[in-house]
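There are structures below to look over.
You will see two complexes here that share subunit A, one where it goes with subunit B and one where it goes with subunit C.
For the complex of A and B:
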């Protein structure tokens, strides 16, 4: 494609500098310092150190791949990646020099502080020169490792990457893994694996070796299997008995989950479940009908406030705590559906981005009203509604998250069932038709207004239920819990999992809601990561991690024209001259 | 948009219940506005002077909305996409420049040469916001130009949060106020009406910037190219216009105006700036752009001023008359209701009719 090939060193410098800017960015926003505190392997590897070398590792990999694509030999590739690694240190070194010579950098960039200097110089705060050299060497080595990875045979490489990720995860989620293992293993065994929450060296090496052997053989077996059998044979649909077995196993695991993971994790599971519930609901509007609803939080808020006002034993409670949680659930559901219906009515004729902005506007309007003095006598203004009792199940109060988990699980199961049935129904097909092309759908005789109204109304229902359960779980309801962030959260998890894909929503909720709850460091950067993730997914994988079958087929059908170069961009230089 | 031929419904025949409900909504809102305003005006709760000062404050705020709205409108005119992250472009300029402003204040430059200092601040903020807008275009939006319409919108939402929390990481989350400029402290006395001098200054500064933009778009070759691209990309490409370059220029100009608006806003509002300051003004400026007819430059200016005035006068005029307590808390409700109403009843805006079925 390019007539004049760029010299290798320029490619390497370019990639290296990008990696360097990323590294400086990570330091400047304080991520390095925040992640430094979590040790993956006790006293040897911390998450912050991994974060320092990661950009150069990827940079080295990319530099090596690029120069190899232009015919460079392996030695040249490694040399280029070393150059890239050195270049990757440059932006951070410049910032170090600035920081050493200018006094009040900290007043402006709050995270360029001593902690940061400590991290990027690997503890050589007092001897900056040594620290700088160390940084250069470390990044160059990391970059060379990245290049070496490109030279390894595929099986070995994927096994290596997989195992490193495994050790990283086991170490990173040490707290969680410990909590789960607590019920199975004696304390001494645990202490020999983990030192507080970080892995000890020995177990880390053992996990690494075992994981490496396992994944290598798995890759080996898969390769021989796919060589002996044609590809198509691998994707035969599972038989009915197989599916039933999978279903039963899944059900048992889900039912036993709170017993396995303990109280603290069950609490997180409930939150994840609430987001799964909302995700399943919003997915009907976004994934099936293609209606980008950014005001989904209104339904959640309506459910929560209905539950709060009807059951609260405080001054704002309408029944003085007489009404049962189980009666409130259907009321919250219906109320959310009515809200969804009413708010959908005016926006039926809008499309795409206008719809998104209008629904966002609804969310903001209701949020402002909830805080205002006007509605204070009813819903308590900024103070919110207090004293919401826990649900009562045949005389026992469901106080623990383990117990609440089953309510959420039941709600999710019902919603999932309805969602799957809707997906395959006439209504579902109508929605998909509208998603693909509203005008054509109307021309085919679909009453688009009614179908859209139905989508909004049904999708609102689960939001109401989730809100009611949320209110009962936390016991107090404030307007601050119902901001646009909830809507964005639900949207992000749908996008991550794959629009219109139900399993994707579960994965998305675990990744986006569960992870930040488990890792304090992540929760600080949660919105940053969400934003980056939305952009990344849209650029690289718009169908999501687990795309729905329909989407997969659509994308497969679309791919041939997409692979041809875009006429506007490709033809541009020729005419622009 | 209602003209899409819908297959004849069996039960409702020609009667559209959606239209019916929307019309009912229209009546209710008009009635509420009239009743509220009449009540307030008849009760004489506010003097004429109070109305005038509210109006002028609204104009000043509105001119800031207008500057931001121009960024939305320019980008929409060319790419037909809502740059949801434009509020963050505004924030980036305002938040970064606050440090320079304080440096100027400490060295005494701000008060010895206020005009020059403010112009330098505006240029600096414009450059910061411009770089953010250009990066955004290059990294996030350009690869998606031929993607389905929801894809760039979701990207823009992602970019919005990414930028907010990036700047939070850079500068921390606390509010930082712009230093007070002595020259802007006094107030003008016209008869019995008392107007803080900063308000007309903000208004005039914004007018100058908007005039510059108008000249750029209507009188220069670049502006002509921009108009051509917004008319038809393919044909303008055939005429030898480098589309990528024009789109970059558009983002750059929109970003500069937003950055300038950031500084002006900082001088005008004492409560300070932080990383989240761009979100609500962003949506409001979008409202202003839609109000004037998105894609229409004059419309954005007019829409911004209109929204500012409505927002300043509205709560006292309408909500007070309806007997709603704490009416000033509901300022945002007016703006967002306005947004929804315009989208429902006049999606083409006050001035525009550009928004056809295909684009909506």
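For the complex of A and C:
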């Protein structure tokens, strides 16, 4: 073993160079410059600075972890990470040299300009040598800090990471946090915490200290709890009273949410809620029955157009705006169920990938139909349907997102309830069997065709409701709202949250739909961040953020069981006759 | 009248004529085995009986009822249960959940509970692992589970597809002992097996399949002595 492993310095160099390339890349796409202006902590830390050290920090961490995995001592680990930090500076340094000696670098790489030089040399534009040395030192130190983190005891480390992330987030999403706090605190107090949208030093330190103590204490308690009841700690179901308390607190928070967060965030919440609703619906098909449906947008569109055509006060409205939103909801629901049922019929015999492609096709057909001239007299073609009135609740028009939020919340709650009940029922068991093995399920006496039809139909229902609410919320319906990206987004949030897990869907929707909205101030870079995050997530946590029980078991099943007395357990050759 | 009668069935995979007019029967209380090499049509025969595929011609009757085109999911309630090739357990569900699915068509919770405890008596190892995920069981235990699950349907005919597949010799013996024991308790068994020696050991009668046709049919004891069978399937020179 000892002879065959890579020398430590090579590991360090490799990791360091990757971090360096990332740093250079962030510079060439202009992200460093764009983020430099955004101060996280007023006049002290800018987002750009964090961005500069972050790749080396992670690189140092990884380098230290890797060499330690091969038996290196802590000192060697830190030395390796310092080497990695130095390597991380190399690509940027090379670019600095090129920039100083070649005239037209900027013609090709528009962002390699004076601002960039200024950022990576920490303001030493005129004395490049000093700047270069400074960069080297900073990156080496950052890398060493990353290595030191690996050496800290677990509790301390996670508390540190958590708290740093907390301060960073509070500073980064200053605008959002301010909006929330606006409802609670007077303006002067707010101004003493934030200077416009960046944190002031004092509050930042206070948050850090409080967060650190809090998270350290939390980790400590968790450890002692699991030590006193080894292994059982995460298995023991919570008592009924505990669950009721959690439920009530959750309900109160959810009900009060729009009052706390204000209008702009409520609007985002409604969008997130619509995706939660669709996620819960699609999860019935994918998570429970294992039917990979890539045409979920059809149900959403059907619901939206039904609502639009039935309630619009414009020329396309069938009732001249006479029909109430509350009557339309059940109609949209049934219409979506019928569509789901009809579209499921031809694809019943397909499995897996083939089903996905076929459903994808349905989504495309629907999009084409919506925009076609043929249906133009009914649903307006590319012009869409306009003048959809807001829902009316006993005489009050629900105009604000704060009010619409409650409709979405109610719909989500009902769907969640149904979905949980279904999962624990005979029907759920049927779907579980089909997901595992259709042939065997049939041999057990399960009518697979009927079960699949049911899954598609129920799954479609919530899509219809979401579509109807969407139409009422926006007030207009255009075909370009119903692209394949809706289907893919819903699918992604299910996978991100954890296949088959209901809380996972909520978290997935917040992360996938809410985050891009919150990141809006980072303009085009948000999709880059978002994509990188997704890749990172899928590499490091493929089971999703909050995996379901069955899913956890699946992953546990992949590692060999602890007590298998039988040497042939793994042998399952597939020889047929 | 035999319990299961298969009359002149022809089955195809596309253009490939997989079963060329198979006729055989299984009497009440027997163990009947279909032996043959790879590609002889053994699994196809079972898939045809259980309606996972349909014959183009021919007729299959069970207890006098025509079941040729009875949908696969209706068969358990009619008394036919199968242990599929490669065991086909639901690997991500627990042992108990697998057994419950075996009793899926039944509506008598008390009877199901009773049968579950019966199968735990029959397979004590499964009892130890009742809450364990089936995929983490050893190969032998999985085969036991697949058999137990089929029995949960209270069948009158048990179809077994290659129960020895992928098992260590010592476990194969255990599995075959179990099959014999179930049979002595009154279960009729149709056993499809490549391991002809073992199959003929416990069977009452046997059919030898070759490229979709039955080439030999006789008592298991007689078949075992047949020189051609010995040479081709038993590895005796």
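Points worth noting:
Note that in this section the second predicted complex is superposed on the first by the 461 of 577 C-alpha atoms of A that agree within 3 Å, B and C clash if a C-alpha of one lies under 4 Å from a C-alpha of the other, contacts with A are read in each partner's own complex, and residues count from 1 in each chain.
Keep in mind that, in the parts below, a residue touches a chain if its C-beta (ideal position, glycine included) is under 8 Å from a C-beta of that chain, and two chains touch if they have at least 3 such contacts.
Computed from a predicted model, the values in this text were never measured in an experiment.
Looking at the shared chain after the overlay, A:432 reaches subunit C, while subunit B stays out of its contact range. In the superposed model, A:369 makes contact with subunit B only, not with subunit C. Looking at the shared chain after the overlay, A:108 reaches subunit B, while subunit C stays out of its contact range.
By the touch criterion defined above, A:357 lies against subunit B but remains apart from subunit C after alignment on the C-alpha atoms of chain A.
The wider contact with subunit A, measured as residues touched, comes from B rather than the other of subunit B and subunit C. When the two complexes are overlaid on their common chain A, residue A:445 makes contact with subunit B and with subunit C alike.
In the superposition on chain A, A:207 contacts neither subunit B nor subunit C. When the shared chain is aligned, no partner comes close enough to touch A:180: not subunit B, not subunit C. Counting contacts by the rule stated earlier, residues 439, 442-448, 566, 568-569, 571-572, 575-576 of subunit A appear in both its interface with subunit B and its interface with subunit C.
On subunit A, the positions that touch subunit C within their shared complex are 429-430, 432-433, 436-437, 439-448, 550, 553-554, 556-557, 560-561, 564-577.
Against subunit A, in their complex, subunit C makes its touches with residues 36-44, 50, 52, 71-77, 81-82, 84-93, 97, 100-102, 104-105, 132-133, 135-141, 149, 153, 162, 165-168, 171, 192, 194. Per the touch definition, subunit A reaches subunit B in the complex via residues 25, 28-31, 107-111, 290, 292, 294, 345-354, 356-358, 360-362, 364-365, 368-369, 371-374, 438-439, 442-449, 484, 488, 491-492, 495, 525, 527-528, 530-535, 538-539, 542, 566, 568-569, 571-572, 575-576. The part of subunit B that touches subunit A in the complex is made up of residues 1-2, 4-7, 9, 16, 18, 21-22, 25, 81-82, 99, 140, 143-147, 149-155, 157-166, 168-172, 233-234, 237-238, 240, 242-245, 279-280, 283, 286-287, 290, 324-326, 329-330, 332-333, 336-337, 339-340, 343-344, 347, 360.
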